[in-house]
Amino acid sequence: MSSHLSQTHPSQWQGYTPLTTDAAWEDESYVDYYYDDPGDMPGTLTIDPEAPPPELVLIDYGSHHATRQPLTRPQECIPYMDSQSVSWLDVQGLGSEDILQELGQVFRLHPLTLEDIVNVPQRPKVEQYPDHILLIARMVTPREVGYGFDTEQVSFILGSSGYLLTVQEEGEHDTFASVRERIRVGKGMIRNYGADYLTYALLDTIVDGFFPVLELYGERLEELEDEVVINPTRTTLAEIHQLKRDLLSLRRLIWPLRDAVNVLIRDAGDFFGAEVRVYLRDCYDHTVQVMDIVETYREVASSLMDVYLSAIGNKMNEIMKFLTVISTIFIPLTFIAGVYGMNFAPDKSPWNMPELDWYWGYPFALGLMAVIAVALIIFFKRRGWFDNFSLVITDRVDGNPRL
Amino acid sequence: MSSHLSQTHPSQWQGYTPLTTDAAWEDESYVDYYYDDPGDMPGTLTIDPEAPPPELVLIDYGSHHATRQPLTRPQECIPYMDSQSVSWLDVQGLGSEDILQELGQVFRLHPLTLEDIVNVPQRPKVEQYPDHILLIARMVTPREVGYGFDTEQVSFILGSSGYLLTVQEEGEHDTFASVRERIRVGKGMIRNYGADYLTYALLDTIVDGFFPVLELYGERLEELEDEVVINPTRTTLAEIHQLKRDLLSLRRLIWPLRDAVNVLIRDAGDFFGAEVRVYLRDCYDHTVQVMDIVETYREVASSLMDVYLSAIGNKMNEIMKFLTVISTIFIPLTFIAGVYGMNFAPDKSPWNMPELDWYWGYPFALGLMAVIAVALIIFFKRRGWFDNFSLVITDRVDGNPRL
Amino acid sequence: MSSHLSQTHPSQWQGYTPLTTDAAWEDESYVDYYYDDPGDMPGTLTIDPEAPPPELVLIDYGSHHATRQPLTRPQECIPYMDSQSVSWLDVQGLGSEDILQELGQVFRLHPLTLEDIVNVPQRPKVEQYPDHILLIARMVTPREVGYGFDTEQVSFILGSSGYLLTVQEEGEHDTFASVRERIRVGKGMIRNYGADYLTYALLDTIVDGFFPVLELYGERLEELEDEVVINPTRTTLAEIHQLKRDLLSLRRLIWPLRDAVNVLIRDAGDFFGAEVRVYLRDCYDHTVQVMDIVETYREVASSLMDVYLSAIGNKMNEIMKFLTVISTIFIPLTFIAGVYGMNFAPDKSPWNMPELDWYWGYPFALGLMAVIAVALIIFFKRRGWFDNFSLVITDRVDGNPRL
Amino acid sequence: MSSHLSQTHPSQWQGYTPLTTDAAWEDESYVDYYYDDPGDMPGTLTIDPEAPPPELVLIDYGSHHATRQPLTRPQECIPYMDSQSVSWLDVQGLGSEDILQELGQVFRLHPLTLEDIVNVPQRPKVEQYPDHILLIARMVTPREVGYGFDTEQVSFILGSSGYLLTVQEEGEHDTFASVRERIRVGKGMIRNYGADYLTYALLDTIVDGFFPVLELYGERLEELEDEVVINPTRTTLAEIHQLKRDLLSLRRLIWPLRDAVNVLIRDAGDFFGAEVRVYLRDCYDHTVQVMDIVETYREVASSLMDVYLSAIGNKMNEIMKFLTVISTIFIPLTFIAGVYGMNFAPDKSPWNMPELDWYWGYPFALGLMAVIAVALIIFFKRRGWFDNFSLVITDRVDGNPRL
Amino acid sequence: MSSHLSQTHPSQWQGYTPLTTDAAWEDESYVDYYYDDPGDMPGTLTIDPEAPPPELVLIDYGSHHATRQPLTRPQECIPYMDSQSVSWLDVQGLGSEDILQELGQVFRLHPLTLEDIVNVPQRPKVEQYPDHILLIARMVTPREVGYGFDTEQVSFILGSSGYLLTVQEEGEHDTFASVRERIRVGKGMIRNYGADYLTYALLDTIVDGFFPVLELYGERLEELEDEVVINPTRTTLAEIHQLKRDLLSLRRLIWPLRDAVNVLIRDAGDFFGAEVRVYLRDCYDHTVQVMDIVETYREVASSLMDVYLSAIGNKMNEIMKFLTVISTIFIPLTFIAGVYGMNFAPDKSPWNMPELDWYWGYPFALGLMAVIAVALIIFFKRRGWFDNFSLVITDRVDGNPRL
């Protein structure tokens, strides 16, 4: 499973150069919740001018039938809502205030509910109303180019009369295709259950969608682990920090979703049957497993930051040893050369540098130097100082300079 | 939204020089709660001599009318308090003990409540009394010049007979303008609801007011992220620390406010109708989102401190490498020059420095030096030591010296 | 308020030299709870031979009277205990087992309660008995000379029949003076309330007493913040550590006191009337604010430790740069001088150091050196290496050597 | 006990070379939960093509008999399931969808339960159904070659009619042998109790199996402790990090298992008799002890990372001292030699280097140098700088180079 | 009290040399819980061959009598167990399976209870059975030679019919002597209370026994604090780490004991009378105080690790400054000497080193050097670089080399 995934997107990490341009950093805000201008009236809808216009698709099904039809306006949905069959209206795109307001009227949504659906992104949550329940979730998908993941808010309105309204930010990045196919061909039990099971089935694809994203981060973390010990570079540091940031974001997505699923299991007995609650528990298990993995990664990444700091210190020790070895060997030699470069007059006294007039004087001096150099090299060799130079010497790994 | 904001206050970060003067640091105390002198009697009001004198404005409205009138004394308010219409007395300024004491009598406030309103700042909280409920909140606004945010205590007294008293520290920095306007023109549902909805509407502007402040900190954090990797300076460190401090302050403001809103939703059924509690839940969502963002920023800022420490180590390695390269190349050359500077007498022995008398002696010595230098340069080049010098060499970024 | 305080004790920080003698460290034990020798019988009183002898003062008051009289023995108190008026016996000093045992008999104290009162210090707590309630608190006062704060245990025994016994370690450092004065002159409501209000009034002075201590630590923290960035010295480090230690001690004092006050509000309905519980809530608010401040200071102090570590690294980079600049400039010059100090015989060959015989030889050599030196200086200048020397150069700040 | 274990696997740590190949790192994924492809239908079984085919063994016993027989298909089990005797079907291997589906039908398992059993690994948990209870546990065994531990999921289905189904991933690494033997020979009380006791007995071997694994990590931790202070190497760092990672994994295994055992004790009264719950409490104690040890190891490992960082700094100080001593001694000597190498003409002036013509000039110069060298050596000796060189000098420990 | 203790064991810290031999580290396992071999039958007793044989002493007492008699077999105890008087059987030593099994039969202990008593050490806990209650505690005593503390498990079986069985690992290190004496002479109330009070009295000595151990660690911590700032050595680091490890162990002992005492107070009403529960609350207070102190020490020790790291950095800065000062002063001087050592022929040109022929040439050169040296010394002096050398210069403190 994971090997399949990692082979599908090998390019995701390759071209990643977070430091060359600011662009990669720029387009992500930490404030990834929508917020009103202070003073905005509650219920104000904010339509992003670049948001795609909503596309409405109604899927209506029961044990023996399944139909799919695009709608142009929400009100076309009304006849289906109270029918016996399960009616699922999927709205993709938030680009028309007109249609969204009509949606609110058709589904009798509280102005604040409509605001939560439209003014994305919101924090995942559950909100109960007499005749419907609101679930806000955030879908994650691995980014196709570059690094990281994309998120898209999906809002669920499950009506007690057996309809489901889902609202997505846009048409792409949809993990619901397999559910639509199961409805179409009647595979599995989905056509025998109600809108509550449909809600579960869609939510399950959203939760399962966190795992491939985490798998990519897990692989990245293992690469960084090797990098930090074998070949730590300047960008390693920035990438560990970026990884920690992304994991914080993932945690912010999954933590409230886990709570929301728990609320569905415990407090939403009017909307979810006992049989479906068993399935929701499975979904809850998966949210807990996602949390588990995110927390583990965060701890490993923190530890990695400490390893990096130590690796820098180790590198510094190597450099210092190198300088010390070179200096220590040549300093005495240069001193000896300096001594024999002194200008004491040998003719004034037999004590004045008699070596200069010896027959073997120069070879003697050179030999003295050689002896000192060899002795020092043996000294350092015995202490093991040269062993570490393997690292100084292999300072370029795979063609890249080391730290 | 965020782009709008960041363009409005571009100067906020530009002129920020936290280290040049102590002034910026001086005027913020960590003890940002008011406290009595030990031994002060409970209920003692402390009037800051520089506090502006209170201005009193009464807004009275119902479905079909809305009037606004400045008052000179609190007791003028009495006729309105028990009327059917909603009466909102807004007091701005804490500069008159006389007026504040009268306020306490008119609204039958407990001496400790009056103390909490007057002796600002207090920790946000809710306190219930038989006929009114006290909510203390802290409004934040981005500082117009310089760095950071200003806070101002706003106290709400919501009476069970349908009046609202709000007390602000001063007249400026008011986020309530849009609510006044909605009352005046009857926009939205505000005129159809009671004083509980008015309380919500005002509180909502306060909570929404945290987001623009956070957005500024988010932008600052992203700038610091780039700075710490690309161009860490000495002030970067102080600014990360300052950021952490400010985030701690923000957390101290929003955490108890979140609890207070929760108390309003759960335990204040006598004062807030079911319909308004739905709105309060929305407000609660926003306090949770603010908390979420503050905690995320705090974790990123802590990680940034670690990145900074590593960046210093990286820089040190570069400097050491530079020194080592220069030293290692010249030390052997200088040694050779020293050798040929020795004064062994060539005329005493054919072994005494015969090179000195060679025809090509000097070029040979220079050549030997050149060979050694080139060999060492190639050695370092192959190890990749020069690649990192790009950083030593580009030590001045955008005209500023690097770390 | 804070300016007043900081002006009162300006000398507190000035003479602080924690490293010169061990004395300052010596007299503070981390085990600041009293403990029995293992095997001691429960209820064993341990009288410190240096403890001052107890002084007993009885204050008896009601709406219309207030009397104060020193007692010599606890039993003189008996007639007052069951009277209608409020009777407050204040015992200052723990130096007489005789008197303390009599106190236990008069007030029918459990041997363990008496032990808690006498064997100081204990952890703050509340303990309920059928006819009285025990509250143990710790009073803090800023140390008048030197650094830090002093603590003194104050035990409260509030009897259901309307008396209050307080036991203090010693007579000095009493924050109760203002309460005695309010009783004497009948200021405020104190004479109209019972012993429960008196308990609150005294406890309030204790809680309010934490703020001036915290204010001093806040100021110290701000000084250390400036110091750590502008002028970190060796003692800065020890002082941050000491600050963290002291804040830990403060936290240990206020945390259980907060819980104790909460117990009084929630579970001690037999001893505290509803009206007084409103006042206790105010007191509880203040304990929460103290906690808030302590926790904030602790986080800032931890961050400061990290800043200090980075500041050391920055300093090291500066020193290394200085050494590198000096070395790098002189190494090539010295090499050139060495070359022209070689003794190749110019008369043996035209290739042997012909420069030595040039007319402009020496000026040429000096000029070459000058060119190299200037080029290197420009190189370093352009890289901005000299800009940071401002810090190396201003290494003495305000007459003190820097880090 | 522990000595026995540590002697059994002495080779486990010896050959450990985590850095030489990536292989050791590669085969462990952090995402160690199974997950569906987003969109997979709930209840989809994923059969690993390399999984061994299931082997089925039925053990049926009562007070007076115990039989063991291999089965070929799950349905052969049906006659035993509702019998009075205890029937334990142990399935080892997940390599046949056919058999596993039949297992689901025979034991009437919910599709999601079957999925949890087959799609391994899952997080430990308990799930109750009307007629059976599901317990998922993870068995750990010390890895026989190399470093670390292996895990294998064991699923328990305890039926209310007195049967137990266990499903293991594979046949090896089974800690159940002693239980089978106790059933066979009727040792202890096992044959007198029901399937609930059998479940406990098997679970107990799983929990007890964590201790030998922890013992190995404890020994490794102690080795690393010595290593980090006495002889820290580059691999020490990677191993501490790896240890922390492994402890995180162990924590993820034991934490939810502890919760699951607690659920069995508290909420599973229909499946576990009061007598057996006493035994489960013992098992719960052991899970708490495992947690305790894991958390302690994690804290010690974190502290060790800090110790390592300091050890690097200490080493750097030693290297710097060595370089400083060598440089400081020779720099003045070389300077003196340089002075006497100057070419001032003694014949032009009596002030021009008269030493050069002295009778004792050269010995004087050498003596001067010797005096300076000895003085400096004494200076450094007195300061204790040479004492630390014991560490620089013994830089190779047990034949390995030091840090 | 603390001064008394610290004087009693002054030698405890003196001879401590944790790094010289591995022995000190070796004999402490982190896995300090007993664990079964996986597959061991529940209730298996593991008798350590070196465990001392059990000694049984029965103390029987009431208001008017107290007898003490050694027993040879547990069954001799039976007549006393149901008598009116309080019967305390104290078993010291776990070296005989025979006697321990008989103990289980006499006191009707569950096999798992007997296992917990015998297979030491276990985690402190309380376990209730119909006719007795089990309390497991761990007694700590300061180690008499060397460093640290010893622990010994003490198990309490309090029977509802008024007997107490205590089982200790061995006869030494008993804190119960004072209780035996109080029983013998009838001191205090102990003879008037039942076996529940006796249980309290013994438990109280165990809890009080933590304080002297903590006091020793507190003193060690203060010594390390001074050491880390004034004279940090290589062993300081190892000792801080060891201290943290020991504190972790202490925390593991006291934390569950606190919970166990709390269970006794809240849930064990059948075994402990209301009067004795008052005493248990006092004991609970002390466990909380022990926790408090342990947690404080842990935080201080962690902070100390950070201080140590900074101290290393400070030391490095000093060494670098020393090297920089020496290098910077001599480098220009050596350069000048080199210049005047060049061999430009003065006779070829008046520009060729005319200084060499000057009358004051040599003194001029020496003077130039002196001026440069003095200027540089003043430069460094003014910057304060020499002030810090106090630390380099006093590098040996109390005869020991510094870091």
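For clarity, chains are labelled A, B, C, D and E in written order, and residue numbers in each chain start from 1.
Basically, contacts are C-beta pairs under 8 Å (C-beta built on N, C-alpha and C of every residue); 3 or more make two chains touch, one makes a residue touch a chain.
Chain by chain, the UniProt names read as follows: A, B, C, D, E = Magnesium transport protein CorA.
Everything quoted here is computed from the prediction, not taken from an experiment.
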| message | Under the over-half criterion for shared residue numbers, do copies chain A and chain D use the same patch or different patches to meet? | response | different
| field | Geometric centre distance via CA averages, chain E-chain A, whole Å | value | 42
| said: What's the distance between the Cα centroids of chain B and chain D, rounded to whole Å? | reply: 42
| request: For chain E, write out the residues touching at least two other chains, lowest number first. | output: 306, 309, 313, 316, 320, 323, 327, 334, 338, 341-343, 353
| task | Take chain A as the starting point, go toward chain D, and spell out the full loop of chains. | result | A, D, E, C, B
| said: Show me the residue ranges of chain A that touch chain D in the complex, using the header's touch definition. | reply: 1-2, 175, 177-179, 182, 187-188, 201, 204-206, 208-209, 211-212, 214-215, 218, 221-222, 225-226, 229-230, 278-279, 281-282, 285-286, 288-289, 292-293, 296-297, 299-300, 303-304, 306-307, 309-311, 313-314, 316-317, 320-321, 323-324, 327-328, 331-332, 334-335, 338-339, 341-345, 348-349, 351-353, 382-385, 387-388, 391
| remark: Interface with chain D, chain E side, in the complex: residues 19, 22, 25-26, 29-31, 33-43, 46, 110, 112, 115-116, 122-123, 125, 127, 234, 237-238, 241, 244-245, 248-249, 252, 305-306, 308-309, 312-313, 315-316, 319-320, 322-323, 326-327, 330, 333-334, 337-338, 340-343, 346, 353, 355-363, 365-366, 392-396, 400-403
